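Letters are used for the chains, namely A, B, C, D and E, taken in the order the chains are written, and counting of residues starts over at 1 for each.
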Amino acid sequence: MRAPSTRAAPLRALLLRTRSVGTRSVLANRATTVSLVAILVLLVAALAAPVLTALAGTSPTAFDTGALDANLGGLPRGGFGGISSAHWLGVEPGSGRDLFARILYGTRVSLLIALAATAVSVVLGTVLGLVAGFFGGWADAVIGRVMDLLMSFPSLIFMIALMSVAPAANRELLLVAVLGFFGWPYAGRIVRGQAMSLSRREFVEAARALGANRRTLLFGEVLPNLAGPVLVVATLSIPACVATEAGLSFLGVGVRPPTPSWGQLIAQAVPWYAADPLYFLLPGALLFGTVLAFNVLGDAVRDALDPRGGGR
Amino acid sequence: MIWYTLRRLGVAALLLLVICALTFVIFYVMPDDPAQQACGKACGPERIAQIRDTLGLDRPLYHQFGSYLVGVFAGRTYGTGALSVHCGFPCLGFSFQTNEPVWRLLVTRLPVSVSIAIGAAVLWLVVGVTAGVISALRRGSLWDRAAMAAALGGISLPIYLTALLFQYVLVIKLGWLPHPHAVSLFVDPLAWVQSMIMPWTTLALLYAGLYARLARGEMVESLGRDFVRTARAKGLPERTVVLRHALRPAMTPVVTVFGMDLGALLGGALITESVYGLPGVGKLASDAINSADQPVILGVTLFAAGFIVLANVAVDLVYALLDPRVRHAT
Amino acid sequence: MSLLEVSELSVVFGNGVRAVDRLSFDLDRGSTLCVVGESGSGKSVTSLAILGLLPGAEVSGRITFDGVNLVAARPAELRALRGERIAIVFQDALSALNPYYQVGFQIAEAYRAHRRVPMAQARRVAVRMLERVGIPDPERRAREYPHQFSGGMRQRVMIAMALCLEPELLIADEPTTALDVTVQAQILGLLDELRRETGTSVLFVTHDMGVVAGLADEVLVMRGGRAVERGPVDRVFAEPAEPYTRALLACVPRIDRPVPDRLATVPPMEATR
Amino acid sequence: MTVLLEARDLVMEFPVRHALTRRVVGRVAAVNGVSLRIRSGETLGLVGESGCGKSTTGRLLTRLLTPTSGSVHFAGRDLATLSERALRPVRRELQIIFQDPFSSLNPRKTVRQILSAPYRYQRVAEREPVERQLARVGLLPEHADRYPHEFSGGQAQRIGIARALALRPRLVVCDEPVSALDVSVQAQILNLLKDLQEELALSYLFVAHDLGAVRQLCDRIAVMYLGTVVETADRDTLFAGPAHPYTKALLAAVPIPDPARERARPRVPLTGDLPSPLDPPTGCPFNTRCPKAADRCRVERPVLRAHATGHDVACHYPEETTR
Amino acid sequence: MASRTRTASLGASLILGLIAVAGCGGAHGGAADSQAAGTHRGGTLHVLSTIDLEHLDPARAYVTSTQDVVRLVYRTLTTYAAAPGRAGSSIVPDLATDTGTPSDGAKTWTFHLKEGLKYEDGRAITAADIRYGVERTFAPELPEGPPYARTWLAGGASYQGPYKGGDLAAIATPDDRTIVFTLNRPVADFGSAAALPMFAPVPKDKDTGVGYDSRPFSSGPYKIDTFEPKKQLTLVRNESWDQKTDDVRKALPDRIEIDLNLDGSVVDQRMIAAQGEDANAVAFEPIGPASVAQVQTDPTLRARLITGESENTRFLSLNTRRGQLGNVKVRQAIAYAIDKDALRLTRGGPIAGDLATTILPPSVAGHVDGDPYPSKDGKGDPDKARQLLAEAGVAGGIDLTLDAPATNGGKAQAEAIQSSLAKVGIRVAVNEVSGSSYWSTVGNTAQEHDMVIDGWTPDWPGASTYLPIVLDGRAITKQGNNNRAQYDSSAVNSRFDQIAALPDANAANAAYGQLDGQIMADAPVVPFLWDKAAILVGPNVVGAYGHVGYVGRLDLVSLGLRG
């Protein structure tokens, strides 16, 4: 670690900093398997959303006021949020849109944004962290300061404010950019540390002594050794992005209607939480389950790759 | 050490300045014309021009930013003549919405945020660290597995979901707690606790999970250190070995991370305060964002960044005090 | 009766590795036994096994110290022995000393673990011990932290800590391996001097035949967890009975003999077990 | 013999940073005016204790570090001032072997990739198949597709040696190549280095702290203390009659596997600690620990000068050569 | 910055996305009809508000919610009658002895003040204070108020307010209790306009400029004890106020605490539970859709639900100057296609009001029943719409952009419109605009898109501040535009002039009703809801009724607590 000032920062850093706690033995491989299967099922469901909703005969945007009781303020008819053969998970109060379809499409949007944002932050973080850690000196000073700066931002406030003034067009892309931009220092810091220690290893000197140029040293010698940490950062960054995207959409600055996303579904359900609890419980449980599954998976990846085998 | 402190504070100030500039540019340039927003609906073009003049919006951006900075350190006077208003140090401007000085808004909202942050911090520190340390000592036991599974669950639970669940179950369904509202500890301690218990628990669920994992990891590593073996070889009682030799090094990173988390929370627990409707700094931020109240957004961002940056400095100093290797380093 | 008798000692780690395999030896009061071997020979594991400092490993056989079987001893019995009657000096003094506490405190703490005395008195013992191991300005240095000491000085602190209760047995686990030769000579000289003064028995673990030659009364050569050869130092060096011992002596380039064209090498270990 | 490499007045200063503030609080000269000469076909030993600057010197000679001042003449050029690009062809003739065999091999690459890399980096055709390279250092063809962690320390060091030799260098800097190895393996590697030197007509700079290994391999020896060379001589002269008090003490400190001699030998050849390189003593760097230090030693820094033919010493009061 | 922001209360209400358009109003005559219930004095009344109060300063208060509250604090020349139903829309004297005396063809208006009027510090209220209050509305620093003084008073165009320009000659105060306004045109309604907050007295020595906003000086029964914006306003009795001079206000509670910026569902749940202090509370805003079911199925709760009529019509403005919307058939197709029932459902169903078929709501005098674009249960007639689109030559569908406020309610309405228009092949992109800047954005002709979620409440009862403001083509301005349809029909424009010249108010109202139908045939706007407000009151509260002048909110001046 460089100066003490570079020691970690809030939430996500903590997550990433947390040493392997040995969940491989703690939660056993079964939990990892279940998580992996759950994530795969979710991914397939998200990809197949148009097919699945066609099978269910619903669409995420079509109103069905017939499923609602107008005199009760637009509450779904029948109990349990209007679950019926036509609407497998019930309908949205006030509009009668099919919840199954909306949740499926929401999954698509949420996962797409999280994965893309993770890709952006991991690629940015890896490249910049690599450069900072490997070259040190001037490059490290600049990149390190930028990382310090970004991590000193009250990022949630800032992201919300930024999203709220940003133009309406292409919210998904914007979310990816904002999440990626504020996320990369966390990946960057880890990669930087690893790159720094790797660059002091003698095999790098050996390659230099053999006449390798800087690009080869960076990408041919050091980068392959970062695959482990980068993979860990990526798996742990996905749930963080899922949760943050949901948080932003929950606060009303995420994706715009009628595009559904988990956070937005939960936000719309907030006024109804007393009258129609299933409306927020369903997307909420899915969000929780997904974040949990990715976290379990992230722990497993970290344990598998941690050379220290912290969990032994 | 004094030099170091001063230098860190200097860097912190510089950092805040950059944050301030970035925020200023983004929020004063991107949205619609502030004059138009300030004018309201019955507003003609000539009136907008007048407002632009009063707000100084015609002047170049660096000039506006300069006036803002001067205001922060020395206060400033808005407008001219009979209607001029003086805004004393530290002047963060006036809310577009309520016309109150932003600084006063922040200061009046701070107690709520502090109540939430401190209470939650005590809760998660006690629960999380205790659970993590016990897990490390009983590695692989049923306790360890249960605690770590719970910790992972806590980390994965989004705050607004926890908050909604608590409200639904504890307030609506069971009626055990009232809807949270802002009460001062000094006015009605019982109501204060009743109002705060849900926000505390909501935040603590997340952070306790993080801290349990952190504490366990650090403790496991610490227990494996050579000097712990030395302590055992001296014939020290196991309790002394654990508490004196293993726990102290394990807690150093916990303390530093804690400082930064607390700093971030003091700047407003945005989601928690919004969901529970508690008028803290975080709620102020979300309200200001909803109403595009630029001076307040800028003020809150700076205020919160100030806490984070100062927490960083404090943590570095505490770290130096905790670790003699750093303290005596040359 | 010997002070320490080890018989049929085996240590198996959780991952199935048999680090020590049916090892037997004994150590008389007042004498020095050098355990010598290459890495993986089980020499350090043996020393840790004597103190019961191998958590998670399966230790079998007998380790009899002054009539008490340490393998079967209760934790409290073992703790009473550690530091008080059996002390240890580790190889890497930097990591073996707690960076968070003053060295004086760490010595005093060892003293107070077995003597009910006030802290101030234990501190005085610590200062006296530091002086005795040759640390200049001991009063001041007792208040310093391990990282403020040089490698040799740190190892002196470890020795002071180990000897503050005048143990009957001192285990020295490669105490000079990390040190430069001139510092090694200082530390070996110090150990020898203290041993003569206190009459402490020493179990000295090392890989360096030269060190063994200067220090040992008896030698135990280990390889792959087993004893290869045991005997008085003069006999073992003069007439090594085992090919491995002979090879180990021959493969080291020496500065006191003509330079050979090629160095002798050690034959590979037969795949036994 | 022709001079292959000549270093003159090498100085390497590192900034010293405060651990907390990262401010540069001083400069430490790890190498402070070292001049060396390596003749073609010979092995020059560079010995000294930790922190004396011997490894730094090795890296300066290979231009893995750029000296603060001084020159390194090799193959008719001054390496100290060449650009990385201009250095590349020079590197074919000047290689280095490292101390830690595992750290010096990229864990993500197979032996085959490691051994063919030199040709790739130099953009030259593969001169020698990997199997041949392996055979030369005593490894088997089937080792080619394994990863470094599948080898023992000795085997890994053999791979490191094979890599250094891939481009057929004329000079190889061996930076403590056997320090991390068990004694039995040390012997094998020392033998291998000797064999290769004969086979490929190599010159070595052998950096080590183990006097036994140095004596085994080297023709000439330079002794370093606190960043400077205090004595150079050919092997037999040095071991038989060291002229510098430090060399003498160093030789006296080496334990010899002979109980009778060891017991008779006076212990504790040197008192005191190595001075901090941050705050080196004035005058002779060794004066704080030297048994014969006089007033002159505390003021005037001795320069390396001829004590006898081919025997240079930096001491005001050198030992009489007893041979 | 020495400034503030917009007027409408949009930003605040996350739940309802209120399209509350400022309003105030009055018609001549009609005396305050005192309520029978609740004569017990004392107690603390709690008001739970999900929104904030925007600008307590009388020069700047232009939002119905604020006007409802400030009526407790300061008095105006005239005011609404404190009465339920349409009686509430009559204008009665307040500070003045009558509703004003016109002369010079209604170009000069004279008011006389009652005797014994006092401020909170006991000093007398003078005509000069009222003049000063009106003059303040000219100051550019206090921009949010209604435009009437600026547009009507002679010489107002160049007057810069009392801070820079001295006194305005158009207002004369021959003595302390007489004030005379000289107008630049005949205004028959001036007596009604005098009920606006800008006609409240402001003592010059108490004026703190923009700072006056946080604590206006009291002339009414309550004075401000504490005010924390977005948090709480606490009112306590003004002992200097004399009940005998005031026929409108009852001033029953000793203390009124208004909690601001609460969460909508929390307010609903607290009002339903009505525990402890909440028994003495009233909600400030209508209940949310999510609470309707609970209230409707519980008779005791239904008994505590007060429904008030409003004069607000919600409509969709179709920007007639953009693309295909210039084609009347396309507009008519949209009018047919809109599912008004679905739109109403997003606001809670029938409890939120009646489906609108004309621009002028039934509560406004002059309203004429009619439904030019009928459909079964108001769910829209897609077939008819498609037919019209085909006739317009755009059977393949068109793309339109809808401006909607970025509130939950605004988004829900936008989605409902999107969904109904999708059925006829009109693809709608939604442009969300931050709630607080919504009106200034859609009021900027450069920023307005094809369609706007819109609505209007008259500034005082009657059609005269309704149709001419929303649909007169000559009133289109680049900024601050109220004619979001940008509808400019010369026939309609000249008809506005003719009606304005009518001497008889009833005849004028009837004519506006006819004109409403004529405009509807052109479909520049699609009305979909005539608002009602359903508000919960605590079991201990008496005297609650919805006031038409405050879009159906409770008339705060009449509330009291059981003893």
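The criterion applied here is as follows: a contact is a pair of C-beta atoms (placed from the backbone, for glycine too) under 8 Å apart; a residue touches a chain by one contact, two chains touch by 3 or more.
Listed by chain with UniProt protein names: A, B = ABC transporter permease; C = ABC transporter ATP-binding protein.
Model, not experiment: these values are computed from the prediction.
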item: Number of hops, chain A (ABC transporter permease) to chain C, where each hop joins two touching chains; value: 2
item: Touching both chain A (ABC transporter permease) and chain E (chains); value: B
item: Taking each chain's C-alpha mean as its centre, the one farthest from chain D; value: E
item: Chain pair showing more contacts of the two, A-D and B-E; value: B-E
item: Chain with minimal offset from the mean of all protein Cα atoms; value: B
item: Distance between chain centroids, defined by C-alpha means - chain B (ABC transporter permease), chain C (Å); value: 52
item: Chain D-chain E separation of Cα centroids, rounded to whole Å; value: 90
item: Centroid spacing, where centroids are CA-atom means, of chain C and chain D in whole angstrom; value: 31
item: Inter-centroid spacing, chain E versus chain C (mean Cα positions, whole Å); value: 91
item: Residues of chain E whose C-beta touches two or more other chains; value: 14, 269, 434
item: Residue list for chain D, restricted to those that touch at least two other chains; value: 20-21
item: Sequence positions of chain B (ABC transporter permease) contacting 2 or more other chains; value: 31, 172, 290, 292, 320, 325-326
item: Residue numbers on chain B (ABC transporter permease) that touch chain E, as the complex places them; value: 31-32, 34-45, 47-48, 50-51, 54-56, 78-79, 81-85, 93-100, 105, 108, 171-172, 175, 178-179, 181-182, 277, 279, 284, 287, 290-293, 295
item: Residue ranges of chain C in contact with chain B (ABC transporter permease) within the complex; value: 51, 53, 75, 79-84, 87-88, 90, 92, 95-100, 109-110, 113-114, 144-145, 147-148, 161
item: Complex interface listing, chain C residues touching chain D; value: 38-39, 150, 152-153, 180-186, 188-189, 192, 207-214, 216, 233-234, 237, 247-249, 251-256, 259-260, 262-266
item: Chain D residues touching chain C - in the complex, by the definition given at the top; value: 49-50, 182-184, 186-188, 190-191, 194, 209-213, 215-216, 235, 239, 249-263, 265, 267-271, 273-274
item: Interfacial residue positions of chain B (ABC transporter permease) with respect to chain C in the complex; value: 225-227, 229-238, 240, 244-245, 248-249, 323-325, 328
